[in-house]
Structures are given as structure tokens and as C-alpha cells.
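Alright, structures below, take your time with them.
Across the two complexes that follow, subunit A remains constant while its partner is subunit B and subsequently subunit C.
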Partner chain A sequence: MATQTSAVEHMHSYAYKLRTSRIGLWLFILSDSFVFAGLLVTRFYLLGGHRPELEQMVGVIVTSVLLISSFFMNRAEVEISRGNRKGFITSTAITMALGIAFLIGVVGVEWQIAPFGPADGAQGAVFYMMTGMHAFHVLTGVVFLGIILRNGLRGHYSPERHWAVEAAANYWHFVDVVWIFYYPALYLIGTL
Partner chain B sequence: METSHDQEKKMELRRGVLVFVVLAVLTVIEYFLGTHGAPGIFLWLIALLKAGLVIWFYMHIQRAFREEGGH
Partner chain C sequence: MRKIFQYGLVRGIFGQILGMALGYGLVTVLQLLSGARLRAEPAWVVGGAFGAIGFLIALGAFTDWFRMAKGENVPEPEEIEEPQGGKRYWGLSYDHKVIGVQYGFLSLFLLVLGGLFGLIFRTELLAPQLQFLSFNLFNTLIGLHGMVLIASILMGIAAISNYIIPLLIGARDMAFPRLNAFSFWVAVPGALILVWSLALGGFETGWTGYPPLSIRGPMGVQMFFLGVWLVGWSSILGALNLIATILRMRTPGMSMFRMPILAWSVLATSIIALTATQLIGLSFQLVLFERLLGMGFFEPSNGGNPILFQHLFWFYSHPAVYIFVLPGLGVISELLPVFVRKPLFGYKWVAMSSLGIALVGFLVWAHHMFAAGMEEYLRVPFMYSTLLVAVPTGVKFFSWTATIWQGNIRLRVPMLFILGSIIIFLLGGITGPMLGTVSTDLHLTDTYYVVGHFHATMFGGYIFPFFAALYYWFPKITGRQMSEKLGQWQFWLLFIGFMVMSLGQMRIGMLGMRRRIADYDPAMGFQIPNIIITLAGFMVAISVLILFINLYRSARFGKVAVGNVWQSRSPEWQIPSPTPQHNYPVPLRVVGEPYDYAGGSEQYVELDGAAPAAHAAD
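On to the complex of A and B.
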């Protein structure tokens, strides 16, 4: 009986939940990466050695913005694990702002100046599907960041307990990893 | 008096900066190679290296295999 009670207590402990949540998140990331990998394969299957006609400067700017956002996301996570709530809030807010700037760069600028639309053949289908799916993930990441920012402002996280921050950070970095492959695939590899 | 936890977190902050610098340099190289007609294999290698750095140092994939459940 005592053994059963201690096993139940263990399963309800934060450490146990943290371990299982981490595995769950990584399984989700793995499953989501199959969607992005499928789109990446589609790009090379349909366009081969050709790449869409895109504005190089926009590509390098949005890539830099996302890279910097990953740095601040990492900083936010480290700050909360040090107990520096102010540092966490500042870094999370900067990450959110950079995420929004990325969305403006892709959807508000690149989509508007691209010389083709979503219905203009394989090039349009591939470009808008890849960037659209990725932008949707960035948007959900911004929402997730908004939630942890609000909870952080209310003092819900401590150095010992901040799983939501770790999860949001991992999700954000995953979105960055996807762009690490999408950027060269769309902007750099192949000829016009 | 700084504890080992404090020192570890300080080191993590410094590591974050270093990883960011490496990622930025790799992005510059990637852009240069891509806009100068370099073979795609180099760009794939850079992308793999960048992804590896992010997954290891920013996503801490090694935590998923830890027995103890701490941050």
C-alpha cells in the first residue's frame, strides 16, 4: 500500500510531469517536422534546379530577424531559470516583436512584391504553401509567447517551475530550424 | 556568494551569445555562397550545421533523455 502511494505521489510530482511533457513536446515537434519536410521535398520535386524569383534582400532580412529572435528566446528562458523576471519579460517581449516583424517581412512585403501569385503554377503553389505554413507556425508561436508573457507578468514562473516557458522556447526554436532549411531552399539554391 | 547553479546559468547566457555569433557568421557565408552560384551541397551543409547548433544549444535536446526532471 505504501509502495503504491509513493508511486502515485511520484507520478504527480513536478519532476515526473516535466520529463513526460518534454518527451511529448519532442514527439509533437518530430511529427510537425514531417509536414515541413514534405513541403521541402515538394519544392525540389516540382521546381528542381529552379528557384522562385524573390527579393534577396527581404530574404536575408527576415532570416536575420528570426535568428535574432531565437537568441532572445534563449535569453528569456535562461533569465527565468536564474529568477530574473524582468530580464525574462524584456527578452520575451523582444522575441514577440521580432516574430511579428518576421511575419510583416514575409506576408506583408515578400508576398506583395513577388511577381507571381499562389495560383501561378508550381512556383506559386510551392512558395506560398511553404511560407504560408511556416508563417502560420510563427503566428501560433507569437500567441504562445503572449501567453507566457502575460503569465510571467503575473509572476507564475519560478526558477524551479517554468515548463511553459521551456515549451514555448522549444517551439520557437523549432520554427527557426524550419526556416534554416526553407531559406536556402527558396532563396539561394538553384537558378532563376 | 555565487552558487554553482548561478555560475552555470551565467555560462549558459555566454554560450547563448557565442552560438548566436556562430549562427550569424554561418548565415553571412550562406548568403555569400548562395548569391555567388556555389553548389547547393555547401548550402545544405551550412543549414545542417546551423540546425544542429540550434537543436543542441537552444532546444537542449539532451534534456529529453535526462532521468531527473529538473530545468
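On to the complex of A and C.
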């Protein structure tokens, strides 16, 4: 009886709910990855060994920017779990800036200089849809970063309680991992 | 006026209209400013999307999340004491029982709507040539009949899982109550947008929305895509919640293999819904963008490939039928032991067979494309994987047969529906291999035989078990029992009507009647069978009407349900009906096996400190 009651109390604890929330986030990421996988299938089904004519330099730069942003995202999470609020804020702000830079690189530069539009055959369709869907996810990630940055500035997170930071960070890494598949699929694999 | 706005649903619909006008106006203004040619289609698509957001904002589904984002404290959902009474069913509520009933209402509403669409075009088929429908309207109606009823089924299984699963595993609520409310309410604007397609010229493609036809047809198809996409999110997020609930919210001591078997089915269903649903959303999105921006995904003249759509579409839409039937099969396994007073035969095998169906279900999608001009080397592998589905499904049938064997059968109304579903699902099952085998499928593809087979699986796997669940758990929800007499009338009308309809469809299909046609050649002799099928369809409709009469009358005047109505070992029957606000007064303690009816004395769960409900005499 006593063990039963304590077991139930345990289920209402913050630590238990945190683990449930983590499962929820991972399930969402699993679900979302099916969208990206579907687009990857679309790319190889329609284009096969052909790759779209893109500016390689832009591809290398935006990819580096996004990968480096994940490093700072990780720093932000480590800093808040150590109780270093200032370090957390700096790292989050850098991550956000790099995310915005990535968006500018893809939507503001690559979309503008690409020699084809969305209506120009399968390569236009595939390129704009894949980068568009990914950019939409980066954008939502930036919005989440903005939220944790704002709440972090107000001191809402502690080393023990910062689920929002952890969630935003894991989402950010997920979007980053997606790009690790998309970059070669669009820029490297196949011939022009 | 202000009084009406207290109802969340009214506020939501008002918000949807506002959002729709806003989105429509915004796109039109932008088109005017940029000097582009005015096109209504982008305005309607953006209007539809804004409308859905407007609905959810006006309802208040985002309010708590906005507050969280602003860093404010919001109360734990389980600590909120919601006002009791009928009003809360018309607005946002975080109580899984309220949400379950809301899902049930929406499901029944869509069931009637989709059924009416069916009756309309079945009436048209009474005679050759067109009587009162146009070709376009006929096609729109068959498409909406399909998709509205798919939405109804998704809402129906969500109703069962939302109300019952937390009770079965001894939880106070779902793992994420706010997300749960959101999952339900996002389906409401979705369903409205889906039906709105009728007003925008309809669509010609049927429920599958195949390009290139869907790229060229009237723009009603855009509302169809948008509506399905929203209902799909409802299904995805609901599934996410159910998986988390089943994994994390079980009462301490209830191991996975001591869960009631329905929880296993819902878990398997949710795994499919969580992942595969994204692919129908994606495929419809791609067509939506192809129409808006001219992107060349599927139009061959612009570099696309329509077969790709079919791969993406069926990657969801085949597993979708397992989403529809697995909870139904779970209801069969859950209720059989109660009504034959014997343990469920082979519990672990039944549990694993659900996961097996879910797994194999991912590997069979291309059997819908044998005649589509798909890569030829894919045919035989997909034929074998398709036939493999019969193995885990067969496990369930053996389990049911062995459970009934020498049992002490009590033929109450839920049991009638359970037996009916086993028979009809068997009919649906054994008519399947002819379609899964390439050589015979090439003869039967796109005929009424497919229609007959499919409806048999849906009625056996969903409709009958859903009605069984309704009769079985109605006393738990309302505190009153449903009329046995009306229930028997409903069952026999439905069973006979359905059998005639389904077998009739299979027969004319084999004789060469094509599906999805508004007209047929009188010389082929299909008129008499078509008349019989239509009359049987009306018989099914009358049986559903009787159900509604029964629901209404029993909810108001039915016999008060006292204690353990069905002498079940299941935990939800050990507490009073209707279910108290926070389910169990004290935590459940699992002390035995869930279906040990033969043992008799041993209990499944114990409620410490609370006296179990008295066993009512029959």
C-alpha cells in the first residue's frame, strides 16, 4: 500500500513528467521526419542521377553556418544546466543569428540566383519544395529560440527546470540533421 | 447574442469565417497591388488556412500555449476543476472523457453526412443514365462519401481511445491534455473545409485525388486537400498523445502484458497514424502547390510523374485501413471474454499480432498500383507482402474462435455486434487475396468487387465493433443503459442490409460493373442488382436511424445503470457510472490477469479504500 502511494506520487513529480514530455517530443520528431523522408524519396524518384544547377559556394556556406549553429545551441543548453545564465543568453543569441543567416542564404540568395523557378520542371519543383519545407522548419526553430531567449532574459529557467530550452535545442538539432541529408541530395549527388 | 458566444463551437465558427475573409481579402489585395491576374484559387486556399487558425484562436485552443510562450504560469490540466453540465461539451475542455464524447458526436455527425452522400448517389444508380445528378456532382459525392467517412472513422476510433484508454490503464487523464483538446478541435474546421469543397465546384477524382486529374479539375479539390490535411494532423497528434499515455501513464504495477488488450491495439494503430499520416499530408500538399505555383511534381508535361503520387499516397492510405480496423479488432478481443465468460485465448499472441499487422501494413502499399503502370518488378514482392498480412490477422481469428469455443455465451446486444463483426470481417478478409494476387487483380481492379470487399472490411473492422463499443460503454458514459430491443432491431437490419449490399456489389463487380461511374449500360443487366444494392443501402441507413433513436431515448429515459452492468473484470466497471470527474478515487492496484473469467474468484484490479461497485443482478 505504501509503495503504491509513493509510486503514484512519483508519477506526478516534475522529473516523471519531464521524461513523458521528452517522449512526446521524440515522437513528434519521428513523425516529422517522415515528411522529410517523403521529400527525399520525391527527389530521387523524379531526378534520379540528375542534380539541379546550384551555386556550390552558397551551399557550402549555408551548410557550415547551420552546422556551427548547432554547436552554439548545444553550448546554450549546457550553460543553462550549469546555471550560467549569461552564457546561455549569448549562445542562444548566436544560434538565432546563425539560423537567420542560414535563412537569408537559402531564401534570400540561393532562391534568387537559381537559374530556374518553381514552375520550371521537376528540378524546380523538388528544389523549392525541399528547401522551402526545411526553411519553414528553421523559421519555426528561430521562433522557438526567440521565445526561450526572451524568457531566459527574464530569468525563467534554472539548472533544474529548463524543459523549453531542451525542447527547442533538440528540435534545432533535428532540423540540422535533416539538412545533413538534404545538402548532399541537392548539391552533391548526381551530375548536372 | 453574447450568450451564444459562450459556446466555444459558435465562437470557433465565427472565427473561421473571419479568418477566411481575412485570408481571401489579403491575397486579393496582394494580387491587385502586384498587378497580377486575379485568381480566386490562391485566395481560397489561404482563406481556408487562415479560417482554420481563426477557428482555433476564437475557440481558445492557443490561449494557454501563448501564455506559456510568454513565460506565464499555467495550471496543470488535471488540477483545473471544470464546471460540470452539458455546456462544456460545446467548447474547449481538457477532460479526456469530455473530449472522447466530443469525438463521438463529431464521428456520428460525419457518419450521417457521409452516409447521406452515399444514399444520394446510390439513388442515382437505380436506373441507367443520369437522373438528377450531373457527372461532376456524382464524382464529388463519391469522393466526399469516401473522405467524410474516413474522417468519421478516425474520429470514432479517437472517441473510443480517448474515453476508454485512460480508464483501462488507470490514468487520471491523457499524457498531454492540452494537446488532446487541440487534436480534437483542429478536426472541426478541417471537416468544415472538407465539405466546403462542394461549394467551390466540387472535384472529380474520387477520394484518392489522383493527379493529373486533380491538377486540372475544379478548385473544390483544394478545399478537399486542405480539409484532409487538417484532419490528418488531428490524427497524428492524437496518436502521439495515445502512445505517450500508454507508455507512461499506466498505473504502477500494470506491465505491458497485463494491459487490457484494447490498449495494445490502440498502441499499434497509433504507431501507424503517427508516422504514415504525414505521407498523405505531403502528397496532397504537393498537388496543392502544383496547382498554385505550377510546380512539376506529377504533371508529365512539366517533368513530373503521376506514379510518384500514388506511391506517396498509398504509403499512408493502405496502412490507414489498419488504423481503421485495429481498434475495432481490439474491441472484439476486449469484449468477447466478458460475454463468453472465458479468458482471451493467447493474449500475448493477440497483442503481438496487432503490432505485426502494423509492421507488415507498411510494406504492402503498392498492391493498389498493380494496374497503374508501376515498375513491373515491384508487383510480385508486393503480392507476397500483401498475402503475409493474413498471418497476424489469422492469429486474431484463431484467438476469437478459441475464446468462443465452449464458452457460456450471453447474447446481449454488444455480443451480437461482436459476432456480426467477426463474420463480416471474415467475409472482407477472404475476398482480399483475389485482389492481392496480381493475376486476378488485373481482372477485378476498379470494379465494384473492390467496393464490396472494402466495405466488408470497414463494416467488420470498424462499424460493427464501434456500435458494439457504443452499446457496451454507453452506460459508463451516461449512467443509463441502451434499449436491448431497439438494439436487436438495429443489429438485424444492419447485418442483413449490409450482407445484401456487400455481396451484391461483389457480384456485379465480378460481372464487370466498374466503380466510380454515374452511368451504366442497361444491356449488361445491372439494373436489378443495382436496385437491390440501393434498397439494402437504405436498410443500413434505417438501422443507423434506429441507433440514433435509441441513443436519444436511452440517454433520457433509459434504465439506470447500477454497478457492474456486464459483470466485467475491467477496471472502469469497478467505479460508479457515469465516470466520476477524476476517474478513480484512489490509485488502481493490479492483482491479477485481465481476462481470468474462468478462475472466478481472483480479481484483476483492486481499488484500495473504496468499495467496489455492487454487482448488479441481471
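Here, the second predicted complex is superposed on the first by the 183 of 192 C-alpha atoms of A that agree within 3 Å, B and C clash if a C-alpha of one lies under 4 Å from a C-alpha of the other, contacts with A are read in each partner's own complex, and residues count from 1 in each chain.
We take it that contacts are C-beta pairs under 8 Å (C-beta built on N, C-alpha and C of every residue); 3 or more make two chains touch, one makes a residue touch a chain.
Every value quoted in this text rests on a predicted model; they were computed, and no experiment measured them.
Participant: Given the touch rule stated above, what does A:A125 touch, subunit B (first), subunit C (second), both, or neither?
Facilitator: In the superposition, A:A125 contacts subunit C only.
Participant: Is A:I23 touching the first partner subunit B, the second partner subunit C, both, or neither of them?
Facilitator: It touches subunit B and subunit C both.
Participant: Per the contact definition in the header, classify A:Y45: touching subunit B only (first), subunit C only (second), both, or neither.
Facilitator: Only subunit C; A:Y45 stays clear of subunit B.
Participant: Once the two structures are superposed, pull the subunit A residues common to the subunit B and subunit C interfaces.
Facilitator: In the superposed arrangement, which is not itself an observed complex, subunit A uses residues 16, 19, 23 for both subunit B and subunit C.
Participant: Of all residues in subunit A, which touch subunit C in the complex?
Facilitator: Residue positions touching the partner: 1, 4-5, 7-8, 11, 16, 19-21, 23-24, 27-28, 30-32, 34-35, 38-39, 41-42, 45-46, 118-126, 128-129, 147, 150-151, 154, 156.
Participant: Over in the complex, which subunit C residues touch subunit A? Could you list them?
Facilitator: Residues 69-71, 175-176, 179, 236, 240-241, 243-244, 247-249, 251-253, 274-279, 281-283, 286, 289-290, 293-297, 302-305, 308, 311-312, 315, 587, 589, 608.
Participant: Which bits of subunit B are touching subunit A when the two form their complex?
Facilitator: It comes out as residues 6, 9-10, 12-13, 16-17, 19-20, 23-24, 27, 30-31, 33-35, 40, 43-44, 46-47, 50-51, 54-55, 57-61, 63-64, 66, 68-71.
Participant: Given the complex with subunit B, which residues does subunit A contribute to the contact?
Facilitator: 13-19, 22-23, 26, 56, 60, 63-64, 67-68, 70-71, 73-75, 78, 81-82, 159-163, 166, 169-170, 173-174, 176-177, 180-181, 183-184, 187-190
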